[in-house]
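Order of writing sets the labels: A, B and C. Residues in every chain begin at 1.
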Amino acid sequence: MQLLQALCQIAAPSGNEAPLTEFLLRYIQQHQPTWRTIPTVVAGGEFQDCIILIFGKPRTAVFAHLDSIGFTVRYGRQLVRIGGPDAETGYRLVGRDAQGAIECTLRVDEETGALSYDFYREIERGTELTFRCDFRETETTVQSCYLDNRLGVWNALRLCETLQDGIIAFSCWEEHGGGSVAYLARYIYETYGVRQALISDITWVTEGVRPGQGVAISLRDSLIPRRSYVERIRRIAREAGIAHQLEVEASGGSDAKELQLGAQPWDWCFVGAPEDNVHSPDEIVAKADMASMLALYQELMRQL
Amino acid sequence: MQLLQALCQIAAPSGNEAPLTEFLLRYIQQHQPTWRTIPTVVAGGEFQDCIILIFGKPRTAVFAHLDSIGFTVRYGRQLVRIGGPDAETGYRLVGRDAQGAIECTLRVDEETGALSYDFYREIERGTELTFRCDFRETETTVQSCYLDNRLGVWNALRLCETLQDGIIAFSCWEEHGGGSVAYLARYIYETYGVRQALISDITWVTEGVRPGQGVAISLRDSLIPRRSYVERIRRIAREAGIAHQLEVEASGGSDAKELQLGAQPWDWCFVGAPEDNVHSPDEIVAKADMASMLALYQELMRQL
Amino acid sequence: MQLLQALCQIAAPSGNEAPLTEFLLRYIQQHQPTWRTIPTVVAGGEFQDCIILIFGKPRTAVFAHLDSIGFTVRYGRQLVRIGGPDAETGYRLVGRDAQGAIECTLRVDEETGALSYDFYREIERGTELTFRCDFRETETTVQSCYLDNRLGVWNALRLCETLQDGIIAFSCWEEHGGGSVAYLARYIYETYGVRQALISDITWVTEGVRPGQGVAISLRDSLIPRRSYVERIRRIAREAGIAHQLEVEASGGSDAKELQLGAQPWDWCFVGAPEDNVHSPDEIVAKADMASMLALYQELMRQL
């Protein structure tokens, strides 16, 4: 869990993913000698803060978004949201401006819902604040801010260890409207002819998707993937005997939105562990679901 | 009307258009020997469940979406919408899961608006349900579920009979956020240099667009097409003496959204018959409007 | 201010930008001999009503939208909005239909908010109406309809006078959902490898952005640009000693939306003077902010 903890502690809200990108590039540099296959690393320049890893002869690409939700300091002590963070008075927020490190407290106006911070000084306009990471582990669970999507990133990095053929793409801006998957998808499709995707991200515990019951295969959220592709994934999961649950939602989205609406014919499916306390500092995931998520990705990347 | 009736009876909600695609490929195979021009058929593989027909030296492309609205079974007896179907307690729904064929009844909670089904057994999670087709014909009207857009598909297929130069593109996912027109549009533009489009789809009867008064030429809906292109279409309709009506709406959308927002400079116009009882099992269209729709498409494909 | 006044008086609502395009092409033809660098002019055909000017060896592209908000005549005396115009009973509107020139009055139903017009005759369905231009100038301010975005266009044209290396792109449909920047961005990126953008547009006076305090550099609106690019712009503005303000908003958008979501990796930043009485016939901007806007663009195009 050290890797996951390290990932959760890095501040990288949408638009400022660079610190996490740098961490990953170092991690990949250090660990790829131990991986079954050495990937080609595509990063920098026209890839902004994204990273693409190409292993062997790829048929399927895994997308894991780097960015997290957070807050931007507006005028005076006002805050505005980056993505859709949960907000409760008392949440601890951290950041940094020209005057130094910041650790402050979120305040939610009970009547208007307006967001502000409590701190001994005024914070510079435009400063980004993220949840302070309090990483907690039990025998069966991990709990922290930003399991969404550092757990999806962790899953992708662990997948790298044994991957023979495939692509791992680390994307930006997913929590705040998107902005990188369109060009990652175009590059991958045009360069490698790959148009099968798996979205390595975290979903919600609901009445139909329970913690500890296995990774969720999403049949739909606000968008609907192509039925025939999802059926192939269900069959592989069933035949491999990997614990999984079927998710059916009317709302929610992911990096898949840009695949679905882009100018390449991607088949995609969201496959991810469910979490409770979504978008709060207390996101919690069952370790059993992390394990089945990784096992299913390993199987899918072999068979798809 | 046999062709239209056959089209309306095929279940093909957004994401699972394959059954209609197969029907169309067979239909095209059988009937193209009788068409004035034999088209090139582009389908399968990277075109997912879409079909493109290229006739002669194309200047204009017609887009007709294959998919329909419907419902997905969620957890327990809950349903969530595919696209924006009308919902009333008592509507008959059909589908199929691993346990066999389904014919059940829609139920709308009067207080919460929540959707569920009445059936003697539980239906498998993720199963798609569509309206049961009750096709009705009078001397002056046709009535059925899914005239939107099987009538647009019918119009495109009838147009094939006499078309000399042009493209017909059958698209997917239109009712649920889109997802195929972006790549169809890119392929057509890059391969054939075509960037004029007509949207063969069905619109609404309103205070300004009346049944039986002719096909509607839409000057705008939630999006606004380029004025100069729409003016050319109006002029052709006027000079050909084909009954038509001008539509001006602030809402609604079509496959044109992906043309408008994509990375190719398409000119587009929605040209379609109006229907009443929109997105219900009882959609109704005047035969006179079907006739003027087909006549106008024939004229436009000659002159544009 | 003669140029700005001329620009404000031309009716060019989204979808019908052609009159302004023609004005600009004539203006460019006439004035480019006096510019430091003669640009390549790309317009017509597949560029619809957009114009691209290429100066020298470009590294950065400036986007300025041509279109304005307005109204479309629906059925009877109803109006629907083009973009998001402010609406108050009594606003003077102008237009033209087959029966001749129109000058009418906007009426807003107090209860329903429904829009209609008062005029001695019925106006043809689909006719576009725009605010009547009442251009007012004081020592310190200009006031008119459509400073958004004729002032952004003015800024771009003034920038042309001294520009050595760069691209100016005049776009369409910005006020009504977009539709041209996706293909302009693709063309510019693929042809010139340029992927740095500045959005030459007008923003809002708010509690944090005050008239006369300098051009606004937007750190975010509904979308969040890449932090590292915005930081470079802030540094250049600071070091050049040009008056500027930092904007942080949770809503609002611009041509940047299509850059952010398109399939090329653009870095972008909105840099524009603030106006009050947004989207009304009485938009007002401080001349000092126009001056700092132009000065900052000149500096940015040199240094970025």
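As a working rule, contacts are C-beta pairs under 8 Å (C-beta built on N, C-alpha and C of every residue); 3 or more make two chains touch, one makes a residue touch a chain.
Predicted model, so just to flag it, every value in this text is computed and none were measured.
Novice: Give me the set of chains touching chain A intersected with the set touching chain B.
Specialist: In this structure, the chains that contact chain B and also chain A are C.
Novice: Considering chain A as a copy of chain C, what rotation angle in degrees (nearest 5) results from a C-alpha superposition of the former onto the latter?
Specialist: Rotating chain A by 120 degrees superposes it on chain C.
Novice: Over half of the interface residue numbers used by both chain B and chain C, so same, or under half, so different?
Specialist: On the two sides of the chain C and chain B interface, the residue numbers are mostly different, under half being shared.
Novice: Could you work out how far the Cα centre of chain B sits from that of chain C, in whole Å?
Specialist: Chain B and chain C have C-alpha centres separated by 36 Å.
Novice: Could you pull out the residues of chain A that touch at least 2 other chains?
Specialist: Within chain A, the residues that touch at least two other chains are 262-263.
Novice: Which residues of chain A touch chain C in their complex?
Specialist: Checking each residue of chain A against chain C gives 14-16, 18, 46-49, 72-76, 80-82, 125-126, 128, 173, 176-180, 182-183, 185-186, 258, 262-263.
Novice: For chain B, which residues count as touching chain C in their complex?
Specialist: 195, 206-208, 219-220, 222-228, 246, 248-250, 260-265, 267
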